[in-house]
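Note that chain A is present in both complexes that follow, paired respectively with chain B and with chain C.
Moving on, here comes the complex of A and B:
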């Protein structure tokens, strides 16, 4: 079934992902030699060794968070691009992130908690669960609205612009909420808006990782349906696809992935939209049985690379993650837009 | 390979009304449609733009609900057929253009096995044979290895027909399959449809603007009349029916009549 090119590229990506993962453990405000990283990971080094503590309690969860978040956003974007038959769809563009932000804001501001470095840091596991649930609800609400409009409008470009506008409107609403609640919250909110993989501790990973995996599995089991949807909903239906349940499941899965990442890491732009295009370009296929694993790998690699780049200034500070994402992702989007003008952009 | 021909016609409608239902009103585009398509028949549906050709075809393949009346496929009510079973009985080619980034044409044809393959879409040896047969039958062997997005419109249509054939249907429904094609490609598609009906004993219903080609190629013609009914018969019979109706109605042309109706429809 899979061609040798697909197998070669996928194996190459696995190696690259491992390298990016190790690099994100080695590089940082101070770089740690590979040897010490491996010692810390395998438990060889003493538990009180400060280097081992840094690697185990800060860098390892951060790298895992980047890996899961990148995979989640890449796969969610792939699902949405196929579902909307729109090469520029992703969770950020279609307002999922904004909807999730709104849910997060309501819970955080409503509970009066969350005054820590990470906007949602100190709520504990139950707080995380409440925030995540609110984020998923908000994401589904916005995506449901966008879908309703998409059914009436039809024109993909219009749907995208409307999604962006919904997103901006909801984000503005959130900002107003935050501004009115407490002045210092605005600063925190802005910080959270930059996006970060650093706020997810081991404890929070216990919720973040399983939810992400559930979302990824929802995409993995629907590859046959997604492939049929490449030809559009009418053709899919004529070939035997139960379009409505498939669409519901895909939208729920994409919302879950987008919302969970937003709840834990902030709204992250550009990563999602770029990943499926890189996958299709590298693997030379639109087959989801290949693209879903590829999106997991490339999403993970991109997120780890962006995370590592954001830390490059070293002791002088940290670059906002979203700035790095934009620098990496914007060129891809520009290329897709240029192709769309020529009428050759497709999913 | 092909399903054995049954005594019941591949497609039969009785007193069918098709159209759209809004919250307040029912807007029938075609009414009292009682037509039949049998195995081995190439049926051509003629009518001007907006006369309801697509609406009828979409209703026949259950892409939209009928307003009234019955549709039977091989003697079984359309409403009683599961969507998987429907996909095994009816192959559909639509007007909408398909844009896929990169996928070999053969993989597009394999998508036609959706209703047969398992959960993961893995193809069995039988599926592969069906795909191979469909590619051969549609004359698309030379296209199989090429990237679908790089094919010409006519070549794409051939692949889309192969994909419909891979569903191993007894009925093939095509909505203006020659709409975007140049003259040569049109002739090729018509020849292919004629051949599939005759040699593979498929019932084929195809809508078209190519009146002359349709009259020359089709076994049966369904003509959409100004009174929103369908006159069905051999090409000669259909011609007579059309002539008589338009002379009685005293209208200049088919086209104008239809636009007139469309305006009424829009005004509503």
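Moving on, here comes the complex of A and C:
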């Protein structure tokens, strides 16, 4: 089933992931000696010691969040690119992140509006929790609309364009909200747009982790169907794949992954498009039984590395996560793509 | 008949004195409304002069019938601008270069920032206000009464300045908060002066407050501005001297966390200066930012976990809810001891806070609140104006 190259690459990625995870626990915006990091993790040090608080309540949940978010976005992107047979597709092509942005914009910018206060107030939420709830609501609303329409439209390209149009329309509403908002609130809004894994606490991780795991499992069980879809709908049908249900399920699963990550971490754009290209380039295959685990690993590595670099270890400043990802990731994708083109065609 | 001759001289002298009177009156005080009649090139039309003591970003030089005002940065990082303020009724100088020429005293002002409006309140000249960027950003009784007259137009309801409205209403001048945009050049080219008030670029609360004199320059209200600022400054200094001498000096942290990032007051910001003046030790005093700075939550925990007092967060109704917002707030001693203070005593249900409008021109009041927080025995009789502790 798997060639030795695939095994080598996948095990190499596992090692890299472990290293990236450890690095993100050891490196941070302040320096903590390795010994103290280990003491904090193993519970040796006192719980009120600032260093222990930093490692246990800031670094560890942040690293786990990066891991889950990276895996989720990588896999969701792979699913969408296969589904639409379009190398530019990402988990947000159906307007998911625009929907989430709109929800967040209503909470952050439209505080004077009665409707928003009512919504989050009824849920008893404020601050970051309200933002997350609003993002989920916005993403689900757009997803619901798109799937309703998609169920009636056969052509994937049409669905893609519909998603795009939904996205534009919703973004336009966000722009209007921005124009009417108070300057102090714009800063909070801009900060959400930077993307961040740091806001996910243990409490939120208890919701975030299971949701992404469900989405990842949905992708894992559908790898064979995805392989068949890759060869075209007619072929898939002749293989006995129920094309429409598979398509709807994949679309919903991938969008949910995108929506959950956006809700908890903000709009993290780049990972969602880059990871599948790196996977295919490194592994030289289009077999989803290999690509899905590779996307989990590469997504996790990329997210952890970007997170660690964004903190500028040793300095007090923090770079926007989205900026770090795109700046460092774009050249990687270019190199991998150009190398792969020499051998086999990507996608 | 020497006596009759003397009498005749006397009458002549008296009539000259009476005739010359309007002119003489114009030189004993600045003319705060209207124009001078009968220009006298030797007369000083501005006997009341403003002197900037603390503000570093603005300068004024007085000539006999006009003022030359220089703003160091017309917007953050922007070029300097030079304004000529020419007394109405006197000829504009020919040999002075300027970015804008304004005939003063102005009778109608379009003000971009609520702070400019606050200066008008302090100068007792709110009747000159005819336009604001957004009505709903304004709070306060006097301001509400002025708005209720219906003579105040809204010129940037959706962030973008409605240049057509401004040009058609022809105010004497538009005062920006130090920003540049395309609509402003349209307004300028239509002959309406646009001047920058960059009070917020100053590094201390006193320097920011001194910009009330800048607003006064355009209204010829220097006498009033000098008095107001001078009195306020001596109150501020006297209180600060007592606070700085008090001990112990508590350590102070600022800001709030969003997504694991703490937005704090920079170490060179006016907030940092206020903390020092109120007899506190700012935990980020060595930070280089002049405005706000974003620091990782981790850095804030390491730096401020044992800070005594936490100020200038906000948006929390109580401390339980703070933890829902960000459970790691519990890592801060100030949180656990209930020393979390926010300037939301006068926060309205609509989310508007009068603090933003009125505190800039009254730093002595902000200081008094802070001293009461940092050194309660010094200020036991002081009623809090802006600050309140976040309830349990």
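The rule is simple: the second predicted complex is superposed on the first by the 248 of 347 C-alpha atoms of A that agree within 3 Å, B and C clash if a C-alpha of one lies under 4 Å from a C-alpha of the other, contacts with A are read in each partner's own complex, and residues count from 1 in each chain.
Going forward, contacts are C-beta pairs under 8 Å (C-beta built on N, C-alpha and C of every residue); 3 or more make two chains touch, one makes a residue touch a chain.
Source: prediction; values computed, not measured.
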Is A:29 contacted by the first partner chain B, the second partner chain C, both or neither? second
Between chain B and chain C, which one contacts more residues of chain A in the superposed model? C
Once the structures are superposed on A, label A:231 by its partner contacts, choosing first (chain B), second (chain C), both or neither. first
Taking the superposition as given, does A:242 touch the first partner, chain B, the second, chain C, both, or neither? first
Touching partner for A:202 - first (chain B), second (chain C), both, neither: second
Mind pulling up the chain A residues that touch chain B in the complex? 1, 85, 87, 221, 223-224, 227-228, 230-232, 234-235, 237-242, 280, 284-287, 289, 344-347
Give the list of chain C residues in touch with chain A in this complex. 136-137, 157-160, 258-261, 263, 287, 292-299, 301-302, 305-306, 315-317, 321, 324-328, 331, 350-351, 356
Chain B to chain A touching residues, read off their complex: 61, 63, 83-84, 86-88, 90-92, 94, 96, 98-103, 107-108, 111-112, 114-115, 117, 119-123, 149, 163, 167
Show me the residue ranges of chain A that touch chain C in the complex, using the header's touch definition. 28-30, 50-51, 53-54, 57-59, 62, 111-112, 125-129, 176, 178-180, 182, 184, 187-188, 191-192, 196-203, 266, 311, 316-318
